[in-house]
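We call the chains A, B, C and D, going by the order they appear; numbering starts again at 1 in every chain.
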């Protein structure tokens, strides 16, 4: 019996991206310095959809924008996964570790309803 | 028999972040416009570690930087997951869809060893 | 008779920054690739002040934020001037040239009250 | 006798941009929150030209890229000037003030040949 990789797994996505880059000889370009720049560029392409909108409209995009925004979110994910791979970071584990740190820095009773920095709570 | 979500599931992480925000009444701040700004700020905090390094050194960070870089990668992931949640985008599926689009735009035999845009291949 | 450079001259600022870098042997670090990363990081430090604020509050910052925002704006200017110097671009002339291009892309009667892209006007 | 504004003056450029926005009724969109997003997007469009290049090639762009890079530098300047105007900051003065702060944080004899943060010198 065979198991497909869980559809939601970043480990499987990491491997897919390794193969994609290998087939195109792109590894020489994919150093962390270049990848963090590419990541930043993709975030800006995402941001462009929101820059002139009031906050309320930004939460309710027209359908054409939605499809583009989905692609831009995907691009951000792909470069983030690729960068984490090159830096030997297991992203989701790092994410949960960071949530725990944030829970200590921002205890619910102190941080409630405020976006002040933890140093100012 | 019970299945745990895969430990690297973004669906599970999405729920953890919803709870984290709810406990702190942060939903009012977490509109897409604000979240894309926060995402951009976290990418810049990641970038700061690489800005003055030669590409080779950027691939081989000292241990102290590595721990910070891991935290910054995590922050990028957390805001990306949170933003995708608010925009109703299933990130990993969107990622695989984008890989397929990229495979058409960048056929391996044409794109090999080059970072030119697909419009210039 | 002698003329001082206008106090808001970018040409004079460019020379001040050249001297600052030369005194510290920083030219080897100040290649365009590194400088555009530094510029991006400074813009994010500026953005951080606005990310959680409603648009109205963002236009009326408390005094403590104002002093920091002024410093961040200055940092953005300094890296922008330094980068333009390395790329042999005369910034203010380039700025006026771009305004003229924009005036053709966004004629006042068509663009009035809208932030749509010129391709969609 | 008449004096033209110095061609290099940001004060004159600030006024030109005010008029440009007023003629198009764009002031309602040009709040600091939106403008800092637009500034960030323009920096990314500039960064895109450098992301895959080795540092040496980034310092010696082909002519076609050079013209585009000049336009992107101009866009960054225009949004920076517009944002500073909305925040009542005199950019060049703020720039010189920041250079003085930096000179104290990075004394030439300590900072020579190093990009370490001033807190680590």
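Please note the rule applied: a contact is a pair of C-beta atoms (placed from the backbone, for glycine too) under 8 Å apart; a residue touches a chain by one contact, two chains touch by 3 or more.
Keep in mind that what you see is a predicted model, and the values were worked out from it rather than measured.
Interface comparison, A-C versus A-D: the higher count of C-beta contacts falls to A-D. Inter-chain spacing, taken between the CA centroids of chain A and chain D, is 27 Å.
Chain C and chain D have CA centres that are 1 Å apart.
Contact of a single residue of chain C with at least two other chains is seen at positions 29, 34, 37, 40, 43-44, 47, 50, 52, 55, 115.
In terms of which chains touch, the assembly is arranged so that all chains touch all other chains. On the chain D side of its complex with chain A, the touching residues are 29, 34, 37-38, 40-41, 43-45, 47-48, 50-52. Residues of chain D that touch chain C in their complex: 6-11, 13, 16-17, 20, 23-26, 28-29, 31-34, 36-37, 39-40, 43-44, 46-47, 50, 53, 55-56, 58-59, 61, 66, 69-71, 73-78, 80-81, 83-84, 86-87, 89-99, 101-103, 106, 108, 111-113, 115. Residues 37, 40, 52, 54-55, 115 of chain C touch chain A in their complex.
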